[in-house]
């Protein structure tokens, strides 16, 4: 790296066979360059045909599903007969489930708005770029913050009686607790893994957990009047 | 494969075809499978030039991506391919829309299959978009320099949800009507301008013929075009951001490298 | 083996291009299944089997010629009908397929409507747009109204035809029951023209109930009305002992005495034990009231209440006051005011009061009511909506006490709660609700009716006809029924007719009952002399019927009043009573008439002129017709009976003037022997 010359230029002996990027490195720009040693492959035909095969396999699966299962169609829309329960499309049922607990401004506007905001800022959030284990630095302080946040969130969910969302929160908190007392030198591979997880990982996993659970509950466990039913209890 | 001397193989016919003036006028690059030709095949195609001509082998492994992005594109293609014939049988008016859906089911040849494929693909697309997002997140592929492509991805997620949501109303059955009613009522909850948004979304105060027409236009025109626009940017940015993310060759290693450099610099001082 | 597989895998998927080829093939093959699936559709299968079936028939050529492949549909935008039923039901219109019993190839029975004008689902329900068996016939997610079971099919007639029809006895019965059983007291049912169905069961007012009966009887009645009278209209509210005790306490305490009901009469009943029964018979009480005979069968009419155990119910003073003049207790009663003298009242009341049942009240012992019980009884009376039917002082008739049933025939199944084991269809639900209303949920108030299965079916049929389609019908298709008019005769005669309750049995100008002949044109049709004699001593024109016109013991003045009124007012403008003579027709014409009667028109099939030879019992006996009817009426009747009495079953034979005149001459010669007898008296 530390060469006395201002730049280095490299050309492969057989440029026709494998063209290489020529890079100029000056001390002033001091770009950090990694040696290009990875194997590469031509997009055409290798990658394109792989993609085409993947898409076709998916299409075959969809075709067979479509041959076997008919899309639902109910009676003509009738504004005077509200089905009970009236359900949104499945991907909104997590939201609808939250509407059951919180006022519409919170569940319908604030939460989805914050989720979208959070998703957008994820890559710009400093913590993520560092990608360090959450509890590896300032362990004491971060553990304290974690306790406060986890407790506040749990109490909040308790107050609003959102027990279905409380369960994943507690489970996540438990796992994070393990992570908080694990170090990268641990003998257990699982604990090493947990210790290395950054904050964004924990937040996203909690979000995924809640999303899947709330959507599943909204889809399968809600009956007339948004009351709890079991999927095997026919309506 | 054994080739007889007297007869040409399929490949030879194909090569001959590629030599013709017409072929050359369309595709420019002539026959041959050299690296250059293959690179040109990508570069000289208006759609394919969004991709880089070469890809790291490592990112092609199934575990790297699970092909989720590709599959999402696949569902989108299926949806376009089935959506266009469906448009031929559909009137966005009340109650004809419902009758048309019935006709698709009962009298149009393979109409039910068409609708099934469209419907299930739409569900699959929503699912795959979510899966793609989480996969990208857990791989860490959203990090520098790919931040903006992640943001484009979030926009595409929202467009996909809107596409699915607007399409949900079109059969004009009870399921559609009440799902949209429930969904659109959430918009009313926005403080101050909630009712205005609700009105704008539905073209009225309730789900009615106006809403159906509005959702139809959104579903068949505005949203697909917007989606294509952002998909194009999404793909192009993959190339511009250094190809598909591959674990080991980037940030983590990059960070390690940075650390090394920093350490070396310290030592040097 | 493993190596072989590996090498095969390598061959097929070894490089992406080849894999693409292989997968493309699989993809295209999968895609090709869709059109194949489409080809093997159910309707095509049925059309093929139809063609196979007709191939070996003698009429194969005709059937082949009529057959057209492909999906058929009957499209009636006005009715919102897209019926593709005929895609599978190919032979519906083939008259020659009468011997085919297997569906879907049976021929449709002859109905008054054309398939192409009304489609299928208008009558049969089901999903007409569907081209698969399950979707078309069953209740599915997309279509909840399945095919209507054949036993309720008449309900579909009722969607358009709002009046009774000859072909729809079950529907007519159901509609009548809705009024008769008092359903519409609690349940509002509005017809498409907006008018609610009015009940005609006339439940008694309870304002003076204590005059009429005892608290013990009320108690027993409340516990189980049918134990007193099997034919009682009052349903069983399944009150507990305490509730029945309290309601009876309230009703007694709430009753106001009427002065007339207490007056005892001094006259003694006739000593002859047969005088009671014979007075009962002469007055034709049995035309309206029934009594259970020894075999347990009810004998008599069902207009008034059953009298089997009347002696255990009413107080003697009340009964006598009632027999003297029922209108003083209940001004609106259907019971005529017989002009009975005190002796007759005593005889008849004595006869009736002997009809007791000692078991009925044997176990009823009620302590004097406490104020709490009375207050509780009042609350129960409100809760059970007793005032929906009965007038009760101090309690208003509740509005919309029970759910409105105006559109019950298209109630969504998703809104219904079924009993376990019940079929999830609307007809089953309605029938089940009528059969055992309280079973559906513990808090329900609807009482238990005692209805025969046929009556339940009839009610269900009528209720199913009140559906959405009957409201959205194009006006051109609606066939409104004849609405009950509020016709009331005027003046002194009018008062007399109300007093005699003529309208309980007779219909005049669209008002009144249908038990006795319509009297709208009575003044044109009968001879004055006959009418006077008939009032004095009513006979019957139809010996086959039990119901007869009772004798009201009218004074000559009253008879003159009535006769004048009838002869002046009830005249048909198209019939000039005096345009044809009552007798004196040439013998030749009479003879021609006789030949026409027995020959060309075979009138003896329904009517009797010669009691020795003729056997017709369908129409009235004509032995005396020459002294009953006017010649002008008879002539016009021959020409077009329906013009004079719409709906009469007398066929319109399209007679020539000459034939009609000859028949009139013949019939006018049938003066009978009785005329002389009456004249002698």
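For reference, chains read A, B and C in written order, and residue numbers begin at 1 within each chain.
By our rule, a contact is a pair of C-beta atoms (placed from the backbone, for glycine too) under 8 Å apart; a residue touches a chain by one contact, two chains touch by 3 or more.
Keep in mind that this is a model prediction, so the values were computed, not measured.
Peer 1: So, comparing each chain's Cα centre against the centre of all protein Cα atoms, which one is closest?
Peer 2: Checking distances from each chain centre to the full centroid gives C.
Peer 1: For this structure, which two chains share the highest number of contact pairs?
Peer 2: Pair with the most C-beta pairs in contact: A-B.
Peer 1: Find the geometric centre of each of chain A and chain C from their Cα atoms only, then give the gap between the two centres in Å, rounded to an integer.
Peer 2: Their C-alpha centroids are separated by 69 Å.
Peer 1: Using CA atom averages as chain centres, what separation in Å is found between chain A and chain B?
Peer 2: So the centroids are 19 Å from each other.
Peer 1: Among the residues of chain C, pick out those that touch two or more other chains and give their numbers.
Peer 2: In chain C, residues 34, 37, 142 touch at least two other chains, as defined above.
Peer 1: If a residue has to touch 2 or more other chains to count, which residues of chain B qualify?
Peer 2: 102, 105, 113, 173
Peer 1: Show the residues in chain A shared as contacts by 2 or more other chains, in ascending order.
Peer 2: Touching at least two other chains: 45-46, 50, 56, 59, 63, 66-67, 72-75, 81, 83.
Peer 1: Report the residues of chain C in contact with chain B in the complex, numbered from low to high.
Peer 2: 34-35, 37-38, 71, 73, 82, 84, 129-132, 135, 142
Peer 1: Can you check the complex and tell me which residues of chain C touch chain A?
Peer 2: These residues of chain C touch chain A: 16-17, 19-20, 23-24, 26-27, 30-31, 33-34, 37, 141-144, 412, 414-415.
Peer 1: In the complex formed with chain B, which residues of chain A make contact?
Peer 2: Per the stated touch rule, the residues are 1-2, 17-19, 32, 34, 38-48, 50-51, 54-56, 58-59, 62-63, 65-67, 69-79, 81-83, 86-92, 95-96, 99, 103-105, 108-109, 116, 119-120, 122-124, 128-129, 131, 200-201, 204, 208.
Peer 1: Along chain B, where are the residues that touch chain C in the complex?
Peer 2: 99, 102-103, 105-107, 109-110, 113, 173
Peer 1: Quick one: in the complex, what on chain B touches chain A?
Peer 2: On the chain B side, the touching residues are 35, 38-39, 41-42, 48, 51-58, 60, 67, 70-71, 73-75, 77-78, 94-95, 98, 101-102, 105, 112-113, 115-121, 123-124, 126, 130, 133-134, 137-138, 140, 142-144, 146-147, 150-151, 154, 157-158, 161, 164-165, 168, 171-179, 181-183, 185-191, 194, 206-207, 246, 249, 251-255, 257-258, 261, 264, 268.
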